[in-house]
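Shared between the two complexes below is chain A, which has chain B as its partner in the first and chain C in the second.
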Partner chain A sequence: MPLLTPQIQDENDYSLVASLDNVRNLSTILKAIHFREHATCFATKNGIKVTVENAKCVQANAFIQAGIFQEFIVQEESVTFRINLTIFLDCLSIFGSSPMPGTLTALRMCYQGYGYPLMLFLEEGGVVTVCKINTQEPEETLDFDFCSTNVINKIILQSEGLREAFSELDMTSEVLQITMSPDKPYFRLSTFGNAGSSHLDYPKDSDLMESFHCNQTQVNRYKISLLKPSTKALVLSCKVSIRTDNRGFLSLQYMIRNEDGQICFVEYYCCPDEEVPESES
Partner chain B sequence: MRCLVTGGNVKVLGKAVHSLSRIGDELYLEPLEDGLSLRTVNSSRSAYACFLFAPLFFQQYQAAAPGQEALRCKILMKSFLAVFRSLATVERSVEKCCISLGGRSSRLVVQLHCRYGVRKTHNLSFQDCESLQAVFDPALCSNVLRAPARVLGEAVLPFPPALAEVTLGIGCGRRVILRSYQEEEEADSTVKAMVTEMSIGEEDFQQLQAQEGVAITFCLKEFRGLLSFAESANLSLSVHFDAPGRPAIFAVKDSLLDGHFVLATLSESDLHSPAPRSPELRRLAPPLQAHSTPHLDDFANDDIDSYMIAMETTVDSEGSRAVPSTSLSPGLRPPCSPGPYSEDNGAEASTQPGTPPPKKFRSLFFGSILAPAHSPPGPSPVLAEDSEGEG
Partner chain C sequence: MKFRAKIVDAACLNHFTRVSAMIAKLAKTCTLRISPQKLNFIVSDKVANGGVSMWCELEQENFFSEFQMEGVSAENNAIYLELLSENLSRALKTAQNARALKIKLTNKHFPCLTVSIELLSVSSSSRIVTHDIPVKVIPRKLWKDLQEPTVPVSDVSIYLPVLKTMKSIVEKMKNISNHLIIEANLSGELNLKIETELVCVTTHFKDLGNPQSASADASQDRDPEQMAEVHIDIRKLLQFLAGQQVNPTKAVCNIVSNKIIHFDLLHEDVSLQYFIPAFS
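Coming up: the complex of A and B.
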């Protein structure tokens, strides 16, 4: 079995080894943040965090905790590398993205360290595919300094209630305006497009609203093109937490339940757009 | 204008907007005393469509605020369609829909009250009122077919989605024939040599009043639009047509709404191509020719532009306000020949002080419909004739 030689190597040679019975538990979460070609991966003994950024304004993080993996070994304190996410996802779904029911693709992922490729061993029905993806110099990622003590308003919604809203966003509008307020309209999404404006209001006593903690009226605008990709996470998630801090920064946290019923989180941060002009409401 | 639509009727309204969107890029929304009218015309003015929703269709209907004149407006089809984009979602989650025009905001406001107390408000910008009308009268057409939409829907199902036109005719044994239409050059090439033909027996029709041998060719896309509406509402669809080249009228009707699609048909010369055809059509051709000859002069092109009146209605004279109803049912118009009628209007308009340039546009337009209408004596009694117009 010359192909599998790397596996026979001592596991201590690798700075990261992770095995997974169902590769979709990883690929699904990664798809939720796949809006740019490249991602930075950070692995610690707690799990892997994969980060994608755009325009220095939006950052998406997927957390795959160690417990999701059947085997998870990190030799160093932290392992960091940059990888082409598109290729990574293509490899993970090399046996097809929607496999036959009852068949699972297993994954073993090894990384030897700085300068080495990421090795993937994928197995389905006794067939093994080995992929080597070159890793790149990790780039510094943005620190949004989003601190829960500075959070002004926080809402937890069932994702079902936002899904349609995000998939039907008027993309001729440059911004998505989010209003959160202890008073009416409580939680409002607005767009201002070529055809006119649209407002979507959620009452605070709606059955969709899991929790509602708004302390102060905040109206912030975010570039719609930057937020639209979060729809990918939204459609996979069951709940979403929407928070804004004192600077108007937005945090969207998505709770995603995988095929084995485990919970993973995907998080989006976004900077607000320019100040809201007084005249518009 | 303010109206409230509830329950399943929201989907019916949405479905109507979807079928109108197959035709035009702009939607004319006009609140009338006898209901809310939605109309559109395509860019080449060869297809016109209108729906009229009766006041009873709505939970509440108010054409105009008391003591005020009803406003009408034109909006982008795309933006109105976006409100009802996913019919499945509309059906699942929308409980009621409120449409209002006028009041303080200079927007057409469409508000959807959805499940879980979620409320969507669309403030759509609109353009100033210009009423869209087509002069047509199903009662004037010598041929009428009426069948459940399902029957016709199943008959057009096998046609390829890219097919542009379809020929509808009466074959031997009074069977109704639908055949894919091919232009001459297309038919010449061996590549596109396939012709699809569906034949429906007379017994499937609720009404079949047409001679063997008549046939018309019209655009399939628009027809499919109305069919899908009629099928979802489980209605019958009637087709009123005359000779090739004259517009065909497709109509649906129930107690709460009616819909009319007026589509141009190909004129005789096009139909009469020597290209390879199945025997039926060749058999169909001679009687067609004989039948339509008298009309060839006035309706030579396959464009119904000459039937279309786009009229500036901001001219708030009595005359112009009367026009919307006459548009749908010329029979209601006082008996007069088209000539004086238009001159009257022209004169009236020109006496309005400060009326903007659209007058010219309007009179020009009238001119264009009058020119052909004058020559044959046919159309003028037609206009005066009482008709089932609204139907």
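Coming up: the complex of A and C.
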């Protein structure tokens, strides 16, 4: 990209420089967590983590490892800024969201540091787009303190097994109830809507079940409105890991394969709704 | 006032259908001007509606095998009809792969453009579909508002990039801003720019080439690097770009700094001129 060189005379001026041959390797992952307007970005030498939160109850993280980028330089220990994700995504897909086969949009992303805008240089077929997105004061993000040692139940499913279930969730139900148990029904999704209750069971020997480690029966409810946005990540993913800890917190980890066959992860944390009354379920 | 015309050639029929589809995308209502040699589709918006104007011209003999018309009078040998462009394009859609198409000005309680389409059928009996499109005959005294626009003397004239690329960029820009700045210079560079409190986005096209225009004299003294710019309503530009389904044979844009942008397109033998005024 010879046209871009004048803007990057000195790489040391930037606290973050990242280049990608195919911008879709970034934009696709970010779309998976785009359920709120704003996102917080953390960059370290390992890569970039982009976080979106809602209602102090749900958090989505997209991880784009340094290896995904063709060039990735972080000058400081960590670089943090908040950005309007909607605009960021519009800019990344400025050359169209579904490009003609064989054409790739290249990206170079530069950030000078606190108070400076995020600069994007996108190039496709000799046409260059320069975007200057103002950054905002980073907000403190939630710490769900989800520790693998406290995990009680863990299931890894092939995403296709969950995709249909999630796209057809009864949205008139306020909650999605997840039952995980070493005994029957093993793994159950339940909704309680206007038209009645529905239960969906996955047998533990199903082909879709990649691994099943449930130690203790847990029944937890999560606000369906908070979980529904994770469908975006589910649709893109090939596998999903579903974990709950001793407090009933839910972790959904989606494994997403990008166009170049590299693996990225998107993670959703959600806190449980309320205690399940004994009389129900 | 009389008008009747016929198309029998399949290629002409297709081309005419495409033109009407393009017009329908560009404007809700338009004026059809019929004269002995030419057909024109005209849009001339009030300034309050954005002030966009369009002049589309086609030679009748390139399309029609039969063409008879008689205007309001011998010295004013033309007919001006106002119609909903959607109605015409919908009627012509059924004419794809038809055997023949007839257009006629009729009076069925109110003035109509009657489109009869002779469809191919497997059996020997032919099928005819007829559409009556209501039209408003524009009186002579209002013709002066519907004259061919004079092309302004431009500061910069430049060939446009691939319209599809331009369209997808402008589409994304529209999500962010209502205003767009188009700027170009005489070194073949054209930029599309939006600026908001949150973000500035600029797309740079280069090596587009500048046509040798009639107004070249005026711009000869101009610094080739100097940009001429206009601020326009991004929706008007998008509407124009969305109407271009096929890449034209020639596409030029003329910029009069801070006044107007003029697009001059040629689709085979159909010429389209589109004017978007600048925000004052």
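In this section, the second predicted complex is superposed on the first by the 274 of 281 C-alpha atoms of A that agree within 3 Å, B and C clash if a C-alpha of one lies under 4 Å from a C-alpha of the other, contacts with A are read in each partner's own complex, and residues count from 1 in each chain.
The working rule: contacts are C-beta pairs under 8 Å (C-beta built on N, C-alpha and C of every residue); 3 or more make two chains touch, one makes a residue touch a chain.
Please read all numbers here as calculations on a predicted model, not as lab measurements.
Peer 1: Scan A:Ile94 for contacts with chain B and chain C and give back first, second, both or neither.
Peer 2: Second partner only, chain C.
Peer 1: Which partner chains sit in contact with A:Ala66 here, chain B, chain C, both or neither? Use first/second/both/neither.
Peer 2: neither
Peer 1: Touch test for A:Asn84: chain B only (first), chain C only (second), both, or neither?
Peer 2: second
Peer 1: Just chain B (first), just chain C (second), both, or neither: which does A:Gly161 touch?
Peer 2: Only chain B; A:Gly161 stays clear of chain C.
Peer 1: If you stack the two complexes on chain A, which partner ends up touching A:Ala106: first (chain B), second (chain C), both, or neither?
Peer 2: So A:Ala106 meets neither chain B nor chain C here.
Peer 1: Does the superposition put A:Lys132 against chain B (first), chain C (second), both, or neither?
Peer 2: Second partner only.
Peer 1: Where on chain A do chain B and chain C both make contact?
Peer 2: Shared contact residues on chain A (touching chain B in one complex, chain C in the other): none at all.
Peer 1: Under the touch definition given earlier, write down the residues of chain B that touch chain A in their complex.
Peer 2: Spelled out, the residues of chain B in touch with chain A are 75-76, 78-79, 82, 85-86, 89, 93, 107-108, 116-125.
Peer 1: Could you list, by residue number, the parts of chain C that touch chain A in their complex?
Peer 2: 161, 165, 168-169, 172-173, 175-176, 197-207
Peer 1: Under the touch definition given earlier, write down the residues of chain A that touch chain B in their complex.
Peer 2: 161, 164, 168, 170, 193-203, 205-208
Peer 1: For the complex, give me every residue of chain A touching chain C.
Peer 2: Checking each residue of chain A against chain C gives 3, 84, 86-87, 90-91, 93-96, 124-134.
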